[in-house]
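Can you read through this structure? Questions will come right after.
Order of writing sets the labels: A, B and C. Residues in every chain begin at 1.
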Amino acid sequence: MSQPVGTLRQQVTGDLYAEVQTFYAQQMRRVDALDIEGFADTFTDDGEVVHAGGHRQSGREEMIAGMRASLPRYRDIAVRHWFGHLIIEPDAADEDTLRVSYYSLVTQTDREGKVAFQPTFTVDDVLVRRDGRLMTRSRVIHRDTPVAPPAS
Amino acid sequence: MSQPVGTLRQQVTGDLYAEVQTFYAQQMRRVDALDIEGFADTFTDDGEVVHAGGHRQSGREEMIAGMRASLPRYRDIAVRHWFGHLIIEPDAADEDTLRVSYYSLVTQTDREGKVAFQPTFTVDDVLVRRDGRLMTRSRVIHRDTPVAPPAS
Amino acid sequence: MSQPVGTLRQQVTGDLYAEVQTFYAQQMRRVDALDIEGFADTFTDDGEVVHAGGHRQSGREEMIAGMRASLPRYRDIAVRHWFGHLIIEPDAADEDTLRVSYYSLVTQTDREGKVAFQPTFTVDDVLVRRDGRLMTRSRVIHRDTPVAPPAS
């Protein structure tokens, strides 16, 4: 099977697309299971997360401590992260570095089955390949805000 | 185009990833159209579904009868099943058997356009290839529940 | 890596699947950013959109005028379009023409972070390749409605 392709400057292959989607599927299963150490393991040692409010967590230890502190919030809800519209751009100079952007929607289902939603986010990741395995080196989370100025 | 890949033990190719996504896209169009027979046809003859409550339906006939019985529930709503975070693992011993896990979110839109949500689910499927075509052999539906014990 | 595939009459490759998903990821980033001209640029000159109510917009100019007129609606909300269950069918006679069908869910997040939902839609697109790049030639948007007649 061969079909012409050509939308990105550096076109992503189907194999890599499937791999990145699978990477996130596994990473999100861990965070949604509140498997804090397992989640941290999907980041490089020097991995960084910049949260929507601007707070920066550097390195796995800080990440783990931050997640531990927020655990009580998830005591009575099942959290699920949903992704959409991934754009995957392999670095032109280094094929083991990928820039990935995606939409994120977070559902919180309580024990009665009622679903609540966090505001939507857009996320910019840098993934790197270490010993053949993808890991997140940096993540910047942007809360989606209106484009136009408020009505006056 | 060639790019290094290596996240799963048994890595899924882009072609297979696209095929499995397409299989579900077609299966969900049938269930969302309340095309009960068409939906049942996407299962093997001995296909099984274990619902979140534990109820098990074995074989197409039982599946069809069960869906017929629940039709009145959908009289005034448009149902749509949304999937996320597929993990596709080809069986190491039999390449015609796939284990697939995914998140599922179900929307119900009424005639006025108001959208309601069922609780979120995580689903474990076994797909098999018969005469070149994918079919579901088994499906186990898990309702997502909080990880931690209730606040006391 | 080689794995058997065979679900569609005209099977979509992983490379094309990734390309079409990437095309929509870029197109939706533009519409969600209210980048009207950038969005119109993802359509052919003679591109057409038939909205759920039946209103037809023909050509980029009409599309741009229509979107400009609806801008005030988005003044205080962040819109995000989520897609699901793509079915991509390359035209048997012309490999540069694709029929694509997908589910669409639209979230609207206000400044306080509250998320509202538009009714769900199913969309039928015709994509064409021009100078190697995918563009939308036609889009027909269907509002999802209940299958069965209203209860009497």
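Basically, a contact is a pair of C-beta atoms (placed from the backbone, for glycine too) under 8 Å apart; a residue touches a chain by one contact, two chains touch by 3 or more.
Note that the structure is predicted; figures quoted are calculated from it, not measured.
Taken chain by chain, the contacts link every pair, so each chain touches all the others.
Of all residue numbers used where chain A meets chain C, under half belong to both copies. The two sides are thus made of different residues.
Centres computed as Cα averages put chain A at a distance of 24 Å from chain C.
Counting partners per residue, chain A has 1, 5, 11-18, 82 as the residues that reach two or more other chains.
Chain contact summary for the complex, chain B toward chain C: residues 1, 5, 11-19, 21-26, 28-29, 33-34, 71, 74-78, 80-83, 90, 95-96, 107, 109-111, 113-115, 129, 132-134.
On chain C, the positions that touch chain B within their shared complex are 1-8, 11-18, 82, 84-88, 101, 103, 105, 117-120, 143-151.
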